[in-house]
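Have a look at these structures, which come just after this line.
Both of the next two complexes hold chain A, though its partner changes from chain B to chain C.
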Partner chain A sequence: MEITINVVREKIRKKTLYITTILGILVVALFSTDMGSLTVGGKRINDYYVLIPILINVVNFLAGAIALAISVTTVPNEYERRTSHLVWSRGVDQGRYHFSLAAGNMIVSWISGGILYATLCIFAIVNGYANILGKIIGASLFMLLYVAIICMLTTALSIQLPVAVTGVIMILLFAGGAFRSILTLVAAALTGVGGKVIKRILQILPNLAGLSKQAGNLVQGNPINVNVIITSLLFIWIAGLGVLFFRKKEA
Partner chain B sequence: MKKLGFVLYFLVGAVLVLAAFATKEKGLKENNRTELDRVVSDYEELGDMGFKGFCPMNYKIAFSNGEKDVVVDYHGGDYKVSERAAVYEGLVGSIYKNGEEYEVVVPEYDTWINLQAFSGEQLSAVIWHESFHAYQNAYCGLADRVSTKIMSETELSEHVDHDTEMKRLYAKELEILSRLLDEEKTCNATEIALEYIHTAEERDWLLTEEEKLSEALYEMMEGSAYYVESRVVRYENGEAVYAKNYLNSAAEYVNGNSKYYHHGMLQCMLLDELDPQWKDSYAFDKNLDEVITQCVAAER
Partner chain C sequence: MEFIKLENVTKKYKENTVVDNLSLTINKGEVFALLGANGAGKTTTIKMILGLSKASEGTIKIEEGAKIGYSPETPYFPPYLTAMEVMSYYAGIEGKKDKKEKKDKDYLRSLLDLTGLEDTKVKVKNYSKGMIQRLALAQALISDPDILILDEPTAGLDALGRKHNLELLRRLKEKGKTIIINSHILHDIEAICDRGVIMKKGKVIDTWTNGSDSESLEDKFIRLVGEEE
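Moving on to the complex of A and B:
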């Protein structure tokens, strides 16, 4: 617990967290006011109720990006500063130590995502949609899963791989997961072996787009696909195995 | 204590795996079913639209992901579902002849919804369009009458789109037909038909026999299916969407095969004005220009 709190304290001191969160608030603010508007199929979307699922996608994506940026250096920094050795000397095993670090990453990312969702709520009230506040808060639970997937995967990989390699792999997984719906459409149009391979790859990517879609469904009162939630939890669980069992040689 | 923690962790994993299998949609997915329900409900309101014997649910409908087809057979409110290896690879909206039966093959809703964001065309409309092709072949025997001289849509478009005079006259035909859409109704249908026939005859001199046959077939086959589809979209989404997706661009000449869809739809609309009962005896045995000429002759 103490390790987790230390990670949270340390991350909260970092400027990058604030800059990214403020940028996120600006994006939400921009699309929630007349300053910026989304145009789909040549038609301006002014209805906040229709706009919300799109904003949820944007907010989740930003929260995911923050989670990735926060998580990718946590473990390598701890080992570089030899903080890990102080922890070992107190008899804490590696699995628990790594898990505490991942938990710290997750909590900071959730706080950041929570701030973005709070911005969504404020603009919902400003735009006269106070009646959907409860649904937006409910939708933020999907952000928790979204962010947890990124944090756990990034932390697990960062135990074994150099920062740059973890970063590249995670950017690919993150982009693939976030744009999985579009990639599925492209893959559906492909034929032959290439198409089959891409379809298999897409199946093993985290369904981040699906999570955002379910959050949008919740706000708009559409049915929610429970399977997407369960497979996301399973993804977190598998990444959690990596966090628990991957070992760092320096220790 | 540590062991207990691991045991609990693995138990959670086992529960998640079981739950993932239990909640995975098998057979006909809910959102595909919703599209079929929409087609059934559309049919209750729209009926056969004048095409005797046409009902989209008379044909099996396969939702395909390019690897597997989920085939749905509708019987009096029940869906009988079976699975098979995909008959087409890729993203396909088409018909498939299975033995003596024609079936409709469309992409799954989950895939289509991403395309719909760009095309604006909903899956239920695609099902109507393709099932109309199944009807043309199964009920009216269109496939049996198609000449061997017919060129592929791509081959035909490539040739026609490169001839300036052919393009000019076809664009003129579209412009004449689209006067039907004029809300002020400054021209009557017979005047439009006469001018249209005159322009079409002028253009026919430029075409080879194969090109003439092929264009007439695509206008009849695709144009009438597009006409049916447009009626469904009008009913489901209202006049604004109907006008935006089908009418506003109908008069534009576009390279490729889509101009035959627009042209054929406008021909069907002209026929509705000339003779609202034209579909009663129509069995896709004459091209639409011939039917228009007959209607005009009958009026005179």
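Moving on to the complex of A and C:
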């Protein structure tokens, strides 16, 4: 618990966190106050109810970006500064140590995502949609899964790989997961080897786009695809096992 | 009484042998020095004793149940914490702290006092190198360890700081602590240590016992380590 609290204390001092969160607030504020001028697919959006799923996508994406940015250096920094020496020498198991670090990153990212969801709630009230507040809060649970996937995957990889390699792999996985629907369309359009390769890639990508879509469905009262939740939990579980069982040879 | 025993310990990084067939015994209550030039294998030996690195060959035996405290050469503490917060953090990791317990806070405060630090609101980022070194020593004492492993404990300290730390180590020795010191400052070693080994290229090239040689440790060190350098 001490390690997790310390990660939170360290990460809340990061400028990246504030810049991204403020950026998110501005995007939400801009879209929410200038609704009438927005068009999607040629249709004018003048209903907050319609706009919310789009904003949820944006907010989840930003929370995921924060999770990636703060998670990628956490474990490597501990070993580079040799803080790990003082932790290992106290008999703390590596699995517990790494998991505590990942948990700290997750909490900070959740707080950041929570602030963005709170902004969504405020603008829902401002636009006269206070009746959907409960649904927006419910939708934020999907953000928790979204962020947990990124934090756990990034931490697991960063135990074994250099920062730059982890960063590149995670950006690809994150972008692929967040824009999965576009990749699915491309895979369907391509009939050759390219299509097959993309289909294979889709199988290993976390379904981040799916999570955002389910969050939007929840707000709009559409049915939720439980499979997306189950596969996301499975992803978190597998990545969590990586965090617990991947080992550094030396502190 | 043998407290720590290394038998034929070797550490290899791929083809590079950093510690080569090292055997040594450290007795309870002894202050033992690991001496050698940079790259002699001292820090790797310490890391293996601490369990931070696995020996490629050989065995390391430590008295069962013995608690170890460690002060690293270049300690890093979160710059936004105070000394007391750093102490609480490590005490928490060891599960030795109840935030509500006054006696726990008093105990940690007493360790800060012992190392010449104060429980103030000054953050670590404003600490001098010497103060950070003292904090490193204070956190090593949290578990009231039987064995203290100190990597360059007087490096970066001014004359007063060094004197203070040496006096502290003497007091710890009187309390029966077993202390292993890795230091380049041979005057400090002579002032505090009972025995030691001089290492070169991962091997023990000689042993040293305080007061038993006619030659000063510095002369001996330069003669042995300086050769072929």
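Just so it is clear, the second predicted complex is superposed on the first by the 248 of 251 C-alpha atoms of A that agree within 3 Å, B and C clash if a C-alpha of one lies under 4 Å from a C-alpha of the other, contacts with A are read in each partner's own complex, and residues count from 1 in each chain.
Criterion: a contact is a pair of C-beta atoms (placed from the backbone, for glycine too) under 8 Å apart; a residue touches a chain by one contact, two chains touch by 3 or more.
Small disclaimer: the values here were computed from a predicted structure and weren't measured.
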{"item": "Room on chain A for both chain B and chain C (clash or fit)", "value": "fit"}
{"item": "Touched partner set for A:V92, first chain B, second chain C, both or neither", "value": "second"}
{"item": "Touched partner set for A:G192, first chain B, second chain C, both or neither", "value": "first"}
{"item": "Touching partner for A:E10 - first (chain B), second (chain C), both, neither", "value": "second"}
{"item": "In the superposition, chain B vs chain C on chain A residues touched", "value": "B"}
{"item": "Chain B versus chain C as contact partner of A:R247, first or second or both or neither", "value": "neither"}
{"item": "Angle, in degrees and to the nearest 10, that opens at chain A between the C-alpha centres of chain B and chain C", "value": "160"}
{"item": "Chain C versus chain B - closest C-alpha approach in the superposed model, Å", "value": "16"}
{"item": "Residues of chain A contacting chain B in one complex and chain C in the other", "value": "none"}
{"item": "Chain A - residues contacting chain B, complex", "value": "40-41, 93, 181-182, 184-185, 188-192, 195-196, 199, 223, 225-227, 230-231, 233-234, 237-238, 240-241, 244"}
{"item": "For the chain C and chain A complex, residues of the former touching the latter", "value": "47, 50-54, 68, 70, 72, 74-76, 78, 80-81, 89-90, 92-94, 139, 143"}
{"item": "Residues of chain A that touch chain C when the two form their complex", "value": "1-3, 6, 9-10, 13, 81-90, 92, 249-251"}
{"item": "Residue ranges of chain B touching chain A (in the complex, touch as defined)", "value": "2, 9, 12-13, 16-17, 19-20, 23-25, 30, 65-67, 89-91, 107, 110-111, 113-115, 117, 120"}
